[in-house]
Amino acid sequence: MNYFLNFINSDAHFSYVFSSYCIVFLILLLIFMFSLIKTKKLEKEYTVLSKNEEKK
Amino acid sequence: MVLEIISVYFYRNKKLIFDNFNLKLKKSQIMILIGSNGAGKSTLFDIIVGILEPNNGIIKLDNIMIEELSAKKRKMFTYLPHKDSLKDNLTIEENLISWINISGNILNKDQINRSLEYYQLSELKKKFVANLSQGQRKKVLLTKLILAKTKLWLLDEPFNGLDADSIKKTKKLIENHAKNGGSTLLSNHLDLSIKNSKKIFLQPIKKSRDIVKFETWDDIR
Amino acid sequence: MIFKFANPLKFQRFTKQIQPFALSLSIIFLFFGLFFGFFRSPPDYLQGETVRIMYIHVPCAWFSLMIYSVIAMCSIFSIAFKHTLADIISRSCAPIGACFTLATLVTGSIWGKPTWGTWWVWDARLTSELILLIFYISLIIINNAYENKEKGDRYAAILAIIGIINLPIIKWSVDWWSTLHQPASISKLSSPSIDNSMLVPLFIMTFSLFFFFISVLLLRIRGEIIQRKIDVIKFSHVR
Amino acid sequence: MKSDFYILMSREISIGIKNFFVLYTFASFFIISILIFVFAIGSDLIAKNNIYEPIIWVLLIFSVMLVSENFVSNDCNDGSLKELQFLGYNEELIILCKSITMWIMILLPMIALMPIVSIFFKIDYVDIFYLFINFLFATPSLVLLSLVSSLFSMQLKRNKIIQFIIILPFYIPIIIFTSSSKKFALENNLYNNNFLILIGIFFITLPLCLYTSRLIMKEINK
């Protein structure tokens, strides 16, 4: 437990480690969000298209 | 059997162009493919010649599969595609000479001059191809037929851009080629008739896949 | 071939089930990794706390190379067997690979600041990572350069094949070049002598990133399949 | 019966000689960009810490890339590339003959340009000899790579710039081993075996570029 404590108050290196983790999680979140939104949009479009395919 | 096309299927960017297409070309027979542009005439020629592989189907030249014969192809057919492969910065004569070297025949100068007279191109011999009209370029392309000593002729729309007189000349050329045992397959977008020739009408495939069922991976290619 | 009988519909349902499962697995492993990384492992005597960046930097570097080998295998498969699933996998892998290399570069330069004092150092591994990023970007560009998706896939596969053979040469020549330019820099970035207390979070983080990669990949594959179905429907209307 | 290689080579050379204009673009681009560098850096600075070699190599790479475009494009647009294919010549041979003619046509202006460049940069004669040997071994792989990149851009209607972005990472090993030979001669004995590495790189890029251009040429007709 004390590893984490003196990690918190090691003021010199804390900002570097913390920022690097935040940036990596940001990048991974971005790629996840983009592909999620893209797939959802495509699914909606596909259901619309296949609906009026059946009508024809 | 000079040329045989057996059950060819071909997709081009998600559209079905040939659906179980069959064709048989016998010796000294003329066959005309008539179809609107975009019906896949030049695609068919590309498939016959072996540049495009059909999705499935077999093409046979003199009962040999097209994949097997690689260098011998030159001797078996002459294919004049839609785009004339003439170099702009060369004169007519140089173009013909370079074509003769590529297609593997050996001809001397006066044979070339005699062949140029057929379409009255002999006085344009020294002109560069760049400043020739579209019709004259087509005539230069057709003089290749006179020089070629091959059995099978594959002509992709030989008549467009030609005036009436040279259309008659080309027809006469094709007819006496058929007389001495050669066979030709030519395509045209207008309906025309050559003596004892067989006509095939190519319609673009109307059968669109209404309810699109995606069974195999090729459906979404 | 294993993919022959799995048609798009079955494959789509398969990805729909696996994807959330993989995502939850990756989040669980992430918590374990962070716990072991920050609570159980000691700081390094030489670099202090910044060694904890290694737990995220090294897995990302491994994955940027692993994803490129996935793309390379899929492009060979697609050139040899002309199977659309291989094209779809390699098309959806490229952006994820680019993000992992970007993450490696950023964490590498952040890690370099305390150890070397400057943000960017022309160290051998960082430069070859930068070249890998440029290569990923050119793969993505060529994938979307053509309106006809199939042509884009084919040219991207050809570029990937050129890359398979040239990237090791580039890596080797960059290493040789950087040893000439900076003979002095003892590459501190190399992970120090790892005792097992540091090894455990490293592997757990690798597993979490692996499952994250799988889930995003399956998501993008499903999107690609649906995109191609839409194109086919749109094209079949055009007479 | 003349062999395929002889036929193709004679065709390529006869066509290459006809459009001599290509050599003027190559030579003029090379000279003008050298002038730009001299004005930018100043000739005494170049002569002092002799960075003339990297400058020459970077300019050579860009001029080869520019010139390779019109070697392939007028053949492909007027259909003679397709004609060669359906006449039964396999694609590797076509590309091999094109690269050989391009290499020869690039060699001629370089022989003329070398003395001029040496006067510009006040290089002594020993280095010119090594520069030229380096040049002989590196340009074949440069030519092959730029041909592949111009084939890539044949199909692109909109943005032709992609061909430069794609192919640049593959020039890195060549530029590393050519422009560093003179500078690090003293520190290590890599001086004389840089040529061997360049030959090695050439023997890797030769089959690779021939195979990929075969794949591309099959794709162009689709």
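Order of writing sets the chain letters: A, B, C and D. Residues in each chain are counted from 1.
As a convention for this text, a residue touches a chain if its C-beta (ideal position, glycine included) is under 8 Å from a C-beta of that chain, and two chains touch if they have at least 3 such contacts.
Treat the numbers as computed from the prediction; the structure is a model and nothing was measured.
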item: Chain occupying the middle, per Cα centroid; value: D
item: Of B-D and B-C, whichever chain pair has more C-beta contact pairs; value: B-D
item: Gap in Å, rounded to a whole number, between the CA centres of chain D and chain B; value: 37
item: Centre-of-Cα separation between chain C and chain B, whole angstrom; value: 49
item: Rounded Å distance, chain C centre to chain D centre (Cα mean); value: 33
item: Chain A and chain C, separation of their C-alpha mean positions in angstrom; value: 15
item: In chain A, residues with contacts to at least two other chains; value: 50, 53
item: Multi-chain contact residues (two or more partners), chain C; value: 229, 233
item: Residues within chain B bordering two or more other chains; value: 212
item: Touch list for chain B against partner chain C, complex; value: 13-15, 204, 206, 208-209, 212, 214-221
item: For the chain C and chain B complex, residues of the former touching the latter; value: 3, 7-9, 83-85, 148, 150, 225, 228-229, 231-233, 235-239
item: List of chain A residues in touch with chain C within their complex; value: 1, 3-4, 6-7, 10, 12-14, 16-17, 19-21, 23-24, 27-28, 30-32, 34-36, 38-39, 42-43, 45-46, 49-50, 53
item: Residues on chain C engaged by chain D in the complex (per definition of touch); value: 79, 131, 134-135, 137-138, 141-142, 145-146, 151, 154-155, 158-159, 161-162, 165-166, 169-170, 172-174, 176-177, 180
item: Chain B residues touching chain D - in the complex, by the definition given at the top; value: 12, 46, 49-52, 69-74, 79, 81-90, 94, 98, 101-104
